[in-house]
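In the two complexes that follow, chain A is the common piece, with chain B as its partner first and chain C second.
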Partner chain A sequence: MSQANERPITIQEHVSSAEEILRVNDLGVQFNTGPRPVRAVEGVSFSVRRGEIFGIVGESGCGKSATLRALIGLLPERGVQTTGQVWFGNRNLLDLGERPMRQVRGAEISMVFQDPMTYLNPVLRIREQIEETLKQHTSLGRAKRRARAVELMQLVGIAVPERRLREYPHQFSGGMRQRVLLAIALACSPTVLLADEPTTALDVTIQDQILKLLKRLRDELGMSIVLVSHDLGVIAQMCERVAVMYAGQIVETAPVRQLIRNPRHPYTIGLLNSLPRTDTNSRYLDPIPGAPPSLIDPPTGCRFADRCPFVLEECRTWQTSLLEAENQQFSRCLRHESLPRRHD
Partner chain B sequence: MVRWRGRVPFAIGVTLVALTILGALLAPWLTSYDPNSQDILHTLAPPGSNGHLLGTDQFGRDVLSRVLYAGRIDLMIAFGATAVCFVFGSMVGLVSGYFGGRVDAVLMRIVDVVFAFPFIVLVLTIIAILGPGLRNMFFAIWLVSWVPYARIVRGEVLVAKRREYVLAAKALGFRSPRIMLGHLLPNVITPAIVFSMLDAVNNVGLGAALGFLGLGVQDPTAEWGKMISDAQNFMSTSWWLPTIPGIAIAIFGLGLSLVGDGLADRFRPE
Partner chain C sequence: MTDPAAVTAGRDASPLVETRDLTKHYAIGGGLARRLRGKEKETLRAVDGVSLRIGRGETVGLVGESGCGKSTLGRLLLHLEQPSGGEMRYEGELVDKTTADRLRRKIQIIFQDPFSSLNPRKTVGKAIEEVLSVHNLCPKESRKARVAELLDRVGLSPEMANRRPRQFSGGQRQRIGIARALAMGPEFIVADEPVSALDVSVQAQVLNLLTELQEELGLTYLLISHNLGVIRHLTRRIVVMYLGKVVEESPTGDLFDDPLHPYTQALIRAVPDIDPDRAVGAVAVEGDLPNPIHPPSGCHFHTRCPFAMDVCRSEYPEPRHVAPGRLVACHLYDTQAEASDPAAAIRVGS
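Showing the complex of A and B:
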């Protein structure tokens, strides 16, 4: 990701180093389902390294889930246009046919979702749901599949796996269901796990358990995780590097500590300031005024301009791109150099 | 684990249906009379007289053996006609709802056309072309009775396919047929199963109606509906003629409904 200052990131054709497992180049997603097209995702580029937890953070509707689903072709075929490249090894997943794509999904790249209740099939026993995945992607025999299912349940920390495998999803609590979803996702030892707000539907104590589990699984299995969340706290706790999305674009990307210590985009600064704090006497949160722009007809220039306290005249007209602010830190802000440091 | 409260009606239903099936299967051993042999000396004999446990009809034919043998025809109509419609209609509904778009539009227009056709007119046409009889009656029912299944299942699929477990199944790399049959079908089939039980009872009534018009089962074969319509001239003097086959239909119909409800509960684990 090396590049000269003040120039957009150059698009590389392949996963450039052995370290990189997934590289997304100039990803765009356009929904043509309404009367006018909606550009939900535009010019999103990032890469994920082996064994890394990469975070994508942003508010509702900023395109984070659409980005994640586009990676493995889970967006509906009708009325959705996906552009750009997703390099996984030497394969561009967006060019892959339906059949090879199916072999990637669930086996090499798998996904866990936000609400674990609705993502489990209510009429199938847990055993069937785990073993079916193994049947689809491996040549394991019946007995080995059974053994593997038990092993997976233990891996995600479910007690008495033999009995629980015979149960239905409604017999599990929220946190346990998320563990089951993880067990299914991990069945074929994927190299990349996409996690779409995996803890949003859970209460805080369970959230913490699941996050710790995810981290432990990453350490034990050496897979990479792309973690999508609207919660900067979760991202900060979990990730090595993070991309902040706003109105369908990445506005800032950096190693997570660097981003929190020294954000170089006004939106990131606003996000951090709007977090509740325990170390001041202020009784009020500090929200970002206004609302994100419509993606049907996004404004030219910087999309954050209308809400930005540091806005200049040229902000509304420049052809935005990610600019290198610090080492490994890129910001879609003209004024990234003159933004105030966070007063910590 | 075992919740008897929900299972008692189901058990009763199974018993009633089993009773009907056993009666039909074991007919030759349960009665010594041929269903079509006439005892001219004892016509319209009341139940219990002259060794006829349930009496005789206007030709002196034994009502018990006719009811039992009629069960064979009616079970055939109930299950044979319904099963084919159930499978075919459900598949059409599944495909239509899952793929949507043009496939859905074409299939559902066909369904609309069949629905719009007056059933009896269609059956009369088919039988006018093919000739009367049980087999052609089956054709007529098959041709028409699959459409409600297609509509029921399609409606369920439209709701269910937006559920996240379908997306999850896609994310696990499953193929469309597998998602449709393995993940969607168990979630959408319950209303169709319940409907099929009522439909089976309906089909028995349909067989009766066609028999009454002389288009279904032909004389002298016994069939419950036909027995009732044959009895209408003797109803005021010989109560047992319409009552006995009527009870048979009631037992079978009640049994099927209870089984249908019971199955609906079993397929819904939560």
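Showing the complex of A and C:
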């Protein structure tokens, strides 16, 4: 296991400014579990700033969850090949061995998931599950751990924490379980919280509560959040910057207002147009025709070409990369300049 | 449906579908273990006195969160569940044990996950043929042609009849579910979260298909969904349920422009807006959904309602008409005679 600091690094390679807390360079994830390898994630690069909520949005199978899991080594070791770099401070997380990684995961970087019940132990009281994390990562004594558990429950807005700490996960509603999972994730005051569809399984009024809680926690604790969601509304309300993923690649990244007002990739335009709208009398929506390509043998050139209304011959052959479309806005589209403005 | 008269069809003299005080109660905890511990049977009032009228060619939306009874209501309309009370009429005819089988041909359902209702070992062609043969809908020799026609109708190629369900994507499976419902030649379709499992780009394709079919075949829809965007797009009238009861019923435009019930207001405010600048600062509504087995006394929403008054804790508000086509069950509107616009009073409060 090589230590991160043994590796010679240049300033461009790791986190390059005080603002940046996490930098992902050319991340690739390949699943070799089937008869043929699946390239779930390819060439994904982004950075997350201090105190920022960074969104990753895309549809099923676009690689957004695999990206998030790869960051903290949560993908199964067997049959999965992860390439690239994930710089966290001066450490490349992909070079860390399992042991040092475990010190980072759950303490400095922690994660919440779509379905909290899967990650809570049904036979342990909530108290034990929160204290377990504190035991793992801190030197707090028993009494201090107890006090911290109460504090964490209050932080995530659970009333009567003393009593609820004695209860089991099944005694909690879906929204409350997500709060418990958050309490565990926040136990060691992480610098970065990774949230994978944290509200997708919840009712809309409960989703609203959890999203606002996440925002409040970000403001109070100053942590950064990477939020993965399929819901553009959630992304629009929560994030400062966002990356749109399609077929394993980032196709567009921009500050969230800019992305929604003036998308510069046909897929982003298509996604926004697919949403039920209220500013038109048409009974018909504007769907994206077709379906995403297989990631076993992804097409060369632009992966969206087959579904794209603006496709040109050269789209199918060019070596795609993110091109600067506007200030801070990058698009993996040759025609980003000539695309129509939305609602034109 | 582009006909504005259709908007009011729900109040026509003879609606296509009508329910009166439709009720479904489930007995909970009749098991031996519970009885030995001396616990009494409890009742889950999944649907508690729902009265609806749906006009021919209309699309009515049914919204609400988990446990509000919207799916149970859908199943009651198909007579897949026996109601515990109240009645349902189809074209004026009472739907009961004796008429359900005959009427069920005219009433079909589309589910959220058609995959779970398809036999994985049968080709989809066989699955659709089965419907045709069981119900004697078409002579044996022309069944294959009819299957091809149905697949084509929902935007699949007829050759796909030889594939098995797992070879289809989510959107295609939903199209198969729709083809199977169409095989019966229905007039009224209950669509229970038809696009909830689909990605937005595919969701739009399926919603367009539903619209197209309605225009061509003159179908009537009850669209059950938790997704307000989808409901708003597809329907002209919306029914909002909370813990088994209808709390508000309004034309779609009015409901979104000026929601009356505090729960409807919260529901609409809770949806994250695609416009980052149209953000709502405060939480839309505090608190969890109450346990539906022990709903709060009085108005079920009073535990979460920012405007709750004493009367709300003790008395369930009678639904009342407060404007043309607008029905609301909320004590804030009891004093409507005095206040000129109670909705405005509430909005000021919020």
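Before moving on, here are some points about what is shown:
Keep this in mind: the second predicted complex is superposed on the first by the 331 of 344 C-alpha atoms of A that agree within 3 Å, B and C clash if a C-alpha of one lies under 4 Å from a C-alpha of the other, contacts with A are read in each partner's own complex, and residues count from 1 in each chain.
Note that contacts are C-beta pairs under 8 Å (C-beta built on N, C-alpha and C of every residue); 3 or more make two chains touch, one makes a residue touch a chain.
Model, not experiment: these values are computed from the prediction.
Look at A:233: by the touch rule set out above, it reaches chain C but stays clear of chain B. Of the two partner chains, neither chain B nor chain C is touched by A:83. Contacts of A:92 after superposition: neither chain B nor chain C is touched. More residues of chain A lie in contact with C than with the other chain of the pair chain B and chain C. In the superposed model, A:176 lies in contact with chain C only, and not with chain B.
With both structures placed on the common chain, the touch criterion links A:200 to neither chain B nor chain C. In the superposed pair of complexes, A:119 makes contact with chain B only, with no contact to chain C. Contact with chain B, but none with chain C, is seen for A:184 once the two complexes are overlaid on the shared chain.
Residue overlap on chain A between its contacts with chain B in one complex and with chain C in the other: absent.
Residues of chain B that touch chain A in their complex: 101, 163-165, 167-175, 178, 182-183, 186-187, 267-270. Residues of chain A that touch chain C in their complex: 59-60, 173, 175-176, 203-209, 211-212, 230-234, 236-238, 256-257, 260, 270-272, 274-278, 283-289, 291.
Residues 72, 74, 78, 101-107, 110-111, 113, 115, 118-124, 132-133, 136-137, 168, 170, 181, 184-185 of chain A touch chain B in their complex.
Of all residues in chain C, those touching chain A in their complex are 1-2, 65-66, 169-171, 199-205, 207-208, 211, 226, 228-230, 232-234, 256, 266-267, 269-277, 279, 282-286, 288-289.
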